[in-house]
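For clarity, chains are labelled A, B, C and D in written order, and residue numbers in each chain start from 1.
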C-alpha cells in the first residue's frame, strides 16, 4: 500500500539505535511520521535490530492510533509515540530507549542541568524529568498516559518541544525527537553523552551550577535559531 | 551418544557470553538442562570461548551431578549449576559470570534495588545478594554449597526463581537463569546493564528509594504475566 | 591550487578523531598550519568523519583568518584555531573536541591536577581550565574570543604552550595542540585518558595532592626535554 | 643469532596489549625471559603495536642489562624489567602498562583490597602499592630504582611474587608478571578488571572490608596451589 521510503527510513533509524549501542537487546524503538499521509511508521515489538527489515515496520494511523498496515505487532510503546505526535505538531520523528546514562538520571528522578556547550548545542535548558505516573495512570492506559505526562510537563513549564527535543520519564527512561527518525536518533546519542558528562561533572564538583544563560543562548541559537551558522546550510554545498 | 542439539545450544550461549563481554578470558559459563533426558550440558573448565566447539561441551547427570559424556573436565562451577537445576525445577538454563558491574554489587554485599522499568522488565523486586558462605561451607563442598546458599536465600525470603531470575553471591558474582541457556544469557546482559544504571542513579541521588510497587508490577507482568502483551507472541508471526 | 599533502594530513587527522572516539557525530575538528605558505587547513563544518575527503578540507589564511581555498564552510571554530596559531607560534596542529571525560572537567571548571606519570609524559603541570567568557565576549566574536581567553590564561600564568599542549575552556571543552595535526590528535587521546584516570583517583582519594615536582620533571623531560631518551630518535632507526 | 621463538612470543604479547586496550598509543610493554640462555626479550621503545614485528624485538642480557641483539632501542622501562627478573627468579614474563583503572589506584597511592573471588583467583591478598620514589631515586637511575622499590616492598612485607603477580608503583602504574609474557598479559587484563570492580564496590559501600581469608585461600589455591582443580591440567586434554 506504499510507505516504502518511510519504512526504509524507520528501519534504518532502528538499526542505528542498535549499532550505536543506544539500545541493547530490543530496548528501544524509533518512529517517523508522514503527516500528509496521516500516519507514522514504527518498529515492531520485540524484534532484534539485526533481523529487522523494512517490511517488518508497522504503519499506524495518526488519527486513531491503530495499525493500518503490517503483519507484526507495533512496539508496545506505540501509544506514547502517538500521543507525542498529536500534541507536538512540530516533530516528525521519535526515539525511545533505555540508554545507560540517561536512564540513570531518569531513575534518580532529576533533570539534567545544562552544564556546558555540548548540552547547549542541542538542548535549550535543563533536560526535564517528568513526575512519576500515579497508580491509576499506570494501571490504566499506561503507555498513552506516559505520553500525557510528558505533555503535561511541557505545558506546565512552558517548554517548546522544538527547543527541548528530549525528556526523561521518571523511573523509566528517555524519549527524544526531531524533524525525522534520523535526527531523533542523533538527539538520543547526544542525550546519552550529555547525561554521562553531567554525571561526571557533578562527581568532580557536587555544588556545580548551570552554565550562564548567555552561553546557553549562544550555542543553541548558533545551531538552531534563525541566524544559525553551523554546518553547510548557508554557503556550502554539503550536509 | 546424542545431545548434539543441546551441545550446540550450550556452545552458542557460551560464545555469546564472550562475544558480548559478559565474561572476559574464561570467566563465565552457561549450561542448559534436558530434563526429559535427565541431563544438563555445560562448558568445560578453562577453555576459551573462541576455541570452544560443540564437541567440547560436557554432559552431566541431573540425578548424580557426575559427567556422563565428554572428554574434558566440566566447569569447576558445575556443582552450583547442578544444585540450582534440582531445587529450581522451573528453570532450564543457567549462566554464571563475573560481569563487571554486577560483581561490584556482589562484592559490596548489597541487593540491587528496583529503581526503574529496565529493572522491572526482568526482575520482580530487588536482585538479592546472598549471605557470605561460612568457613565450613567454603572449605567443604564449596561449589555445591554456593548453590545451597542461593537456595536458602530464595526459600527464606519466599522468592520465586521464575520471578527473580538472578542472584548475587556475596563476595563472588552473579548467577542468572531462564527457560534455556540463551535466555539466561539475555538475563545476564540485562543484570549487568541494570547494575550499572543503579550504581549511577545512587551516585546522583544517594537517598534514592525503590520504584513504586504498582510500576514494578506493571512492567514485570507486561512481559511475564499471564496477560503479557510485549513482543510478537499473541498476534504477530515473528519473535 | 596545491596544499594536497596538507589536506591529506588534516583529513586523516579528522578521521582519526572519529575512529578513536575522541568525537562522536561531528563534534570535533583538527587543523594543521603550513607557516611557510601562510595558511592552515581545517575541517569543514558539520561534515561526517566517514564522508570526509581531502578535497573537502578548507584552506584559511594565517594572516587574515579568511578562507582562501575550498568550497565548503570551514569549521565554526576556525577563529579559535586561527587565534591560537597566531599567538602560539611554536605550534603546528590543533584539535578541538568535546571528548567525554575532558569535557566533564571543563564543565566542572577545574584544572586537571598532575597525579601521575601518564599525565607527566605529556603535560608539564596541571592541565589548566580557563575562566568563563563574559557575556560581551560570548555575544561578540565568540569563537575568536575563545582563542583570546586561552591566550590570556597562558600569558597570565606564564605557561609555555609547548610544555602544556592542552587547555580546558570552562563550560565548553578541550583544545589540544602539537607539532602537527597528528600529534595534536595524540595529545587529545592522552588528555581524555588522563582526565578519566584523575577523576577515578579523586573518587578513591578525594584529598589527593599533585605528584612530586621532581617526578613531573623526570617524566616530561624524559620525553620532551633536550636530553629526551624515549623512542627511537637517538640511536634507533624507527619511529 | 636465534631467539626467533622468544621474539615471536614477545611480539605477540605486545600486540595483545594493544588489541585488548590494556595500553593505548605505545603505553605498555611486555617482555619474556629465556633464563637458560641468560637473556630476556622486550619491546622496542615507542613503536606502535600494529607495526611491531618479531624482528623489532630487542634481546637484553639478564647478566648485564645491556642489549645483545636488535637494531632498535629497547623500551625505556628495560632496567625495571631487568631488575625484576634478577630479584624474582620464579617469574618468566613481565608486562608494564598504564591501564586505566589500575593506574587510577596507583595515582591514588592505595592498595587494591581483595573484595571478591575475581581478585582471589589471581591475587593472594591486596594488590600492593609501593611507596613513592625519592628525589634521589628519580633523578638517579630512575627505571632501575623503580624495580628496586618494587623489590623493597615485596621483601619488607614478605610477599611472594608468585602469589602476588602484580604491583602498583605509586603515582605511576602497574607492573604484572607470570610464567611467560602471555600469562603476564592475562594478569594485566585481570588486574585492570579487578581495579574497576573494587572502585565501584567502594562507591557502593565506602566502608567495605576485605573478603574473608578463608574465601581468599579457597579461590587462590583452587587455581594455583598444589591441589588446583581449575582448567584441564589434570584430567582433560585441552588448555
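We adopt the following convention: a contact is a pair of C-beta atoms (placed from the backbone, for glycine too) under 8 Å apart; a residue touches a chain by one contact, two chains touch by 3 or more.
Source: prediction; values computed, not measured.
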{"item": "Subunit B to subunit C, fewest steps along touching chains", "value": "2"}
{"item": "Chains in simultaneous contact with subunit C and subunit D", "value": "none"}
{"item": "Same-site or different-site touching of subunit A by its copy subunit C, using the half cut", "value": "different"}
{"item": "Reference subunit D; chain at largest CA-centroid distance", "value": "A"}
{"item": "Gap in Å, rounded to a whole number, between the CA centres of subunit D and subunit A", "value": "46"}
{"item": "Whole-Å separation of chain centres (CA-atom averages), subunit B against subunit D", "value": "33"}
{"item": "Sites on subunit C at which at least two other chains make contact", "value": "203"}
{"item": "Every chain pair in contact, whichever chains are involved", "value": "A-B, A-C, B-D, C-D"}
{"item": "Subunit B to subunit A touching residues, read off their complex", "value": "115-118, 186, 189-190, 193, 196-198, 200-201, 203-205, 208, 211-212, 214-215, 218, 222, 229-232, 234-239"}
{"item": "Residue ranges of subunit A touching subunit B (in the complex, touch as defined)", "value": "24-25, 27, 44-48, 51, 56, 71-73, 76, 98, 100-101, 103-110, 132-133, 135, 138-139, 142, 171-173, 199, 202-203"}
